[in-house]
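I've put the structures underneath this note.
After this come two complexes, each holding subunit A, first together with subunit B and then together with subunit C.
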Partner chain A sequence: MKHGFREPWSIVAWFLAPALLGLALFRLAPIAIALVGGFTGTRLTGETVWVGLRNYRRLVEDPSFWNAVEVTLLYNLIVNPLQIVISFALALLVLRPTPLVPFFRAAYMAPMTVSLSLTSILWAILLEPTMGPVNGLLRSLGLPPQPFWRSEDQALATLIGVASWKGVGYWMVFLLAGLLLVPKELHEAAMIDGAGAAACFRWVTLPLMRRPLAFVLVADTAANFLLFAPVYLITQGGPNGATALLMFEAYQAAFTYLDKGRALAISSVILLVIGVLALLELRFLRERGG
Partner chain B sequence: MTRLTRRAGLAGAAATGALASLRSRAAHAATKLQVIWMGWPEGQVKPLMDSFRAAAPEVELQVETIPFVQIFQTLEVRLGARTPDPDIFICDSPLTASYAARGHLLDLTPHLDASRFTKSAIEAASWQGKIYSAPFGSSCPVLFYNKKLLREAGIEPPPADVEKRWTWERLVEAARKLSKPEENRWGFSFEQQERPYMLLPLAQSLGGVALSPDGFKAKGYVDGPAFLEAYSFMQKLYTEWKVSPQGLFDPNLPVEQFGNGKIAMLVAGTFNEATIKTKYPDIELGVAPFPRFEKGKAVTPTGAWHIGVNPRTRNRKEALAFIDHFMSHDLQVLWFELRPYPPVLKSVWEKEAKRFETDMWRIVRYELEHTAVPRPATPGFREYEDILRTALRDITTGADVKATLTAAAQKIDRELEKYKG
Partner chain C sequence: MSGSPARRFALATLRYAALVTVATLLLLPIYWLVTASFRPSADIFATSSDFGWATLIPERLTLAHWREAWSGELPRAVANSLFVALATVALGVVVNSLAGFAFAVFDFPFKRVLFAIVLATFMMPFESIVIPLYVLVRGMGLTDTFAALILPEVASGLVIFLFRQFFAAVPKELYEAARVDGASWLQIWWKLTLPLSGPTIATASLMLFVHQWDAFFWPLVAAPGPERVVVQVAVARNVTLEVANWGGLFASASTAILVALVPFLLLQRFYLRTVTAASER
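Our next item is the complex of A and B:
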C-alpha cells in the first residue's frame, strides 16, 4: 500500500496497460495500416509497392466512388437524426415507471440481441417482394405490394428502416440512462415556477441531455458510416448502385477487384469523414451549451 | 479373483492409454493436408475424402467446406496471405488464369497426362500453354420441365432432340401460359439468375463475344449490340412478361421452387437431376436442350470445378498424391455417382457408356462437343464475373439495360488494366 502511494502513476499505468495495449493493437495499428496502405498497391505476384497518390487519383476519377459517397452521405444525413429522434422519443415514453413499462423497455431493446447479419436475413425474407410476408399482408389488406429492396427508389429507404429497427432500441438505452440522471427537483422547481410540460422539456431536460445526446450522435454516426452487413447480404449495393455504401465499396475493392490499395484508400476516406463529422457534431452540441 | 481382474483391467487400461498416446503421436507426426472444398452436401464430399484417407492413411486430411456464395472471397483471403495454407483448393475453372497469373497455382503440366481428359476440360485448365488446374468436372445446363404442369396447360413439351431445340421466343410463349404471378406460379426460371456462367450464352447465341480475344477489353463487347438485345430480352422475362420470379439469386431457390411445382420450366445444371428426383419424387421430370434465339445459334455454357495445388505447399508429394487419387478413374466414377457433372475423363464416358444412354446425357454429350463455349480466358475473370453479375442482377430488377452494360464495361476495363504488361 505504502509503496503504491509513493508511486501512484506507475500503478495507474499498470492498470491501464492492458486497455492501452488493446487500443493500440486493435484500433491504432489498423488505422495506421489503412492510412499508409492507401498509398500502396499490390503487384500480381504479391509484393506491395509504393504508388503515391495513384489510388486516390483513381477514386476521384471513378463515378462509382462518387455515387457511393453520395449514397453514404444521403443515408447518414437521414438515418442519424431519424434514429436519435426516435430513440429519444422511445426513452421518454418508457421513462415514467408505469406498470407495463418494463415490458416496453424490453420490447424496444429486443432487436439489440439479434446480430446484424441475422437482422439482415430476417428483413430480407420479410420484405422479399414476391414471397415475403409483408407483401402478403399488404395484398390481403387490398394494398399494392411494394418492391422494397428491389427498387432503386425504395432500397435506401428500406435500408434506413431496417437499420433503425435494429438501432433505436440500443441508443434508447443510453438516452434513458441520461434521462434517469436528470434531477427530479429541477422539474419540480420549474413546475412551481409555472412551466408546462413542453417548457420543462425544452429548458430543463434538453440542456441536461446534451452530454448523452452528443455521445449517442457521434457513436451512431460512426456505426452507420460503417454499416456493411445488410448491403452485403441483401442488396450487394444495388439495384443500380442505390445502396452502394462506402464500406461495401471498400469490401468490393478488396475481395472482388483484388485491389487492397484501393480498399485501404476508401477506408481512409471513411475514417476522415467520420472524424470531421464527429468534431462538427461535438462542437454543435457544445456551443449551444454555452 | 476380483483383485486380479481389477489389476489386469488396470494394466489393460494403462496399455491402451499408452497405445492411444502412441497413436496420437503418430497422427501428430503425419503429414497434414489442408483442403478448401466447395460446400456441397456432406454426403457428396465425405465419401471422396474418405476414399483418399483409405488410400493414404499416413496423410491427415483437414477439409473445410465453404458455401458457394462465400467460396471465392474465402479463397482470396486465404491465398492472398501467400502462406502454405491451404495445400489444395477447389478452383472454378475460369479462375484458373486469374490464380495462375498471381502465382496461386502449381504448374501441373509435368504431372498430368492430358490425353486422358476431354479436350474442353484441358482447355479450361490451361493458361499460356500450361495446365494449372486438375479438371474435376465439367458442366452443361439443360432445360428441365414439369411434365404435369405443361400437360395441364395444354402445352406440347419441348423436344429432347438437339436439332429441334426450343427457341427462347417459343419458351416465353409457353411460359406466359404457365405463369400466374399473383399466385406465385411461374413459367420459367434460370437456376442462376445473375451468373454470367448461365447467361452469357444468351448474348453469344446472338453472335456476342464475351471479351476481346486478348482478354483485356470489355468495351465494345459487353456493351455491344448482341449483349444489349439479349439482356433486354432477359429483362422482359421479369418485368414485362412476368414469367420468371424476381430476385431468386441463390441458385438453390429456383430449384426448390421448381421442385415445389411453383416454376414449370428451369434451365439448370445436370447435377440437379439427382437432387430433384430424390427430394421431389412426385415431379414428372422432362429434359430438353438449352434454348437458342430464333435468329441465333445454339450456345451452351461449360466449365466447372477443378482442383488446384498451392505452389507454396510444404507437402508437395502428398498434394500431388491427392491430385492423382482424384484424377483416378474409380474416384471420378464415384464422384459422378454422387453429383452427376459431365465427366472429364474419357475413360468414364467410354467404360460407363450405359449410364449415358438417357435423353439428358445424350443432350449433354452433343452440347459439349458442338455448342459449349468456355468462359473468357482472362486473368481478370474474377472481376469480370462479379461486375457483369451485378449488372445482370440490376437488369433483372428493371435497370436501364444500355446504361448498366456500358457502366459495367467501363468498370471491367478499369479493373483489367492491372493485368496488362
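Our next item is the complex of A and C:
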C-alpha cells in the first residue's frame, strides 16, 4: 500500500520492537564485535588487549589465508552460476502443470529435508572410493573408480557437486515462482508475431525474470560463500588445502588455535567480501537490465 | 502450441525422461541411506561396492541399528532439537508477523531504512557471524543453554518480508472498518489478519522449523556439552569418532531426515504459493 496509517511511535514500537531488538542484538551487534575484535588479541593471562593491525598483518603474510581466499573465490565463481543455471533449467522443466508435475516439484524440493551436515555425511559415504555405491556403479559400467574427496584435483569439484545436489531444488522454488508470474498473454502475443520458443525465452521470459534471478544470485552466493559443514565433516580443508574455505579457516582459528583476534579478523574479511559481492551483483543485474 | 503431433510427442517424452532422471538423482541417495539403515552391517557395503539390484533392494532386514541408535544419546538429541525448533516457530511467527504487520500497515519515520536493514540481514548468511555471536553469547553467560540455541534464530529478515508482503495485500478498507468498530491494532493483527494468513504462517513455520532442525554449526559452537546436544551434532558424532559407527550413523541420519520430512510433506504445498505471492509485489 502507498500510504499506511500514521500512528504514534508508542503504538508502532509494540509491533517492531521484538523483531528489531532481536536483529540488532543477534545480527548487527556481532558485526560490530567482529570489526572491533579484529583489532584485539588475547594475552596468555586471558586479558584482551588492543593490537591494532597485527591480526590483519599476520593474515596478509600467511599463505594458508591466501590459499583459503583463493579456494573460496574459485569455489564461488563456479558454484553460484552453475546452481542458478541448473535451478533455472529445473524451474522451466516443471513449469507446465502436466500430469505428475506436482510430484516432481515436490521431489525436487525433497533434499531440503536433508540438512547440509547430513548431505555431507551421505555423500561422504556414497563417494567413498572403495566401498561406496557410486564407484560400485562406475565399476559395473566398466568405468574406472574415482578418488573424489581423497584427490587434490577432484575434492573441490566434488564439493561443488554435493552443494548443488542440496541447493538446486531450493533455488528452483524462487525461480519457478517468478516464471509462474510471467503473463501467458505475453507469450501468446509473441508467438502470434512469429517468435519461436527460443526468441520467446530470450525476449519475453528472461527480462521478466531479472528480479528473481537477482534475488537468487545474491542469496545463493550468501549461502555458498560460507559452506562449513562438508569441509568440517569430510575434508578438514584437505587434501593439501584444496577445500580450505574461509569459514573453516575462521573456525580453526577460533576453536583449534584459540586465537580469537585472528578468528574475528577473518570474520570481518568475510563480512566485507559478502557486502561487496552483494552490491556488485545487484549493480551488475541492474545494468544488464538497462 | 507449435509443431506436428509427432514432434510434440517426442518433446513430451524427452521432458518426462529429464524429469525422471533428475528425480532419480535427487531421491535415490536418500532412499539408499534410509534402506541401508535396515540392513545388517555386512550387507551395507558388500552390496554397494558391487552395484546391482541388491544395492537398491535389501534382501535381509534388521532393526538392530535403529535399536542401537535409539539407546544412545539420540532420543535426547531429537527431543532437544524438537523443543528448540518448535519454540523458535512459536516465537518466530509471533515476533516476525508483528514486525511484518508494522511495515505493511503503518507509516513511521525511518521506515525505509529499517526495512532495508531487515532485508540486508537475510542477505547476510548466519554463518558469517557465528564466531562473533559466540563471543557475545559467551559474554552473556548463555553457552550450553536453550536460550543460546533459540533466541538468535527467532527474528528472521526473510520471514518478516514474507509477512509484510502478505499483510500489504490486505485491502486497506478492511483495516479502516475494524478501526471504526473500535478494535485496537493488536486486536486487528491477532484476530483479523493472522487468521487470514494461514499459508504464510505455514511457510514461515516450515522455514523456521527446518532451519532449526538442520542447525549444525551454531549448536556445535554454542552448546558443545552433552546436555543440550542437538540432532545434527549427535548424528555427525558417529562420523567424527575414531572408528566410524556405520549402523548407528545410518539409523540416526535416517531419523533426522524422516522427522524433517513430516513438516515438509504437510506444508510444502503452501511453500511455492507463498513464495509466488511474495514475489508478485
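Assume the second predicted complex is superposed on the first by the 278 of 290 C-alpha atoms of A that agree within 3 Å, B and C clash if a C-alpha of one lies under 4 Å from a C-alpha of the other, contacts with A are read in each partner's own complex, and residues count from 1 in each chain.
Simple rule for what comes next: a residue touches a chain if its C-beta (ideal position, glycine included) is under 8 Å from a C-beta of that chain, and two chains touch if they have at least 3 such contacts.
Keep in mind that this is a model prediction, so the values were computed, not measured.
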| item | value |
| --- | --- |
| Residue contacts with subunit A in the superposition, subunit B compared against subunit C | C |
| Which superposed partner A:Ala223 touches (first subunit B, second subunit C, both, neither) | second |
| Touching partner for A:Gly238 - first (subunit B), second (subunit C), both, neither | first |
| Partner chain(s) touched by A:Gly46 [first = subunit B, second = subunit C, both, neither] | first |
| Which of subunit B and subunit C A:Val69 touches, first, second, both or neither | neither |
| Partner chain in contact with A:Cys200 - subunit B first, subunit C second, else both or neither | neither |
| Contacts of A:Gly169 with subunit B and subunit C, given as first, second, both or neither | second |
| Partner chain in contact with A:Leu137 - subunit B first, subunit C second, else both or neither | second |
| Which superposed partner A:Phe255 touches (first subunit B, second subunit C, both, neither) | both |
| Intersection of subunit A interface sets (partners subunit B, subunit C) | 130-131, 255 |
| Residue ranges of subunit C in contact with subunit A within the complex | 2, 12, 15-16, 18-19, 22-23, 25-27, 29-30, 32-33, 45, 48-52, 55, 94-96, 98-99, 101-102, 104-108, 114, 117-118, 121-125, 127-129, 131-136, 151-152, 154-155, 157, 160, 168, 172, 175, 179, 185-186, 189, 210, 213-217, 221, 232, 235-236, 239-240, 249, 253, 256-257, 260-261, 264-265, 268, 271-272, 275-276, 278-280 |
| Residue numbers on subunit A that touch subunit C, as the complex places them | 1, 3-7, 9, 11-12, 14-16, 18-23, 25-31, 33-34, 37, 90, 93-94, 98, 100-101, 104-118, 121-126, 130-133, 135-137, 139-140, 165, 169, 173-174, 176-178, 180-181, 191, 196-197, 211-212, 215, 218-219, 222-223, 225-226, 228-229, 232-233, 247, 250-251, 254-255, 260, 263-264, 267, 270-271, 274, 278 |
| For the subunit A and subunit B complex, residues of the former touching the latter | 44-46, 58, 62-64, 128-131, 147, 149-152, 236-240, 252, 255-259 |
| List of subunit B residues in touch with subunit A within their complex | 72-73, 76-77, 80, 82, 101-103, 181, 184, 245-247, 379, 382-383, 386-387, 390, 393-394, 397-400, 404, 407, 411, 414-415, 418-419 |
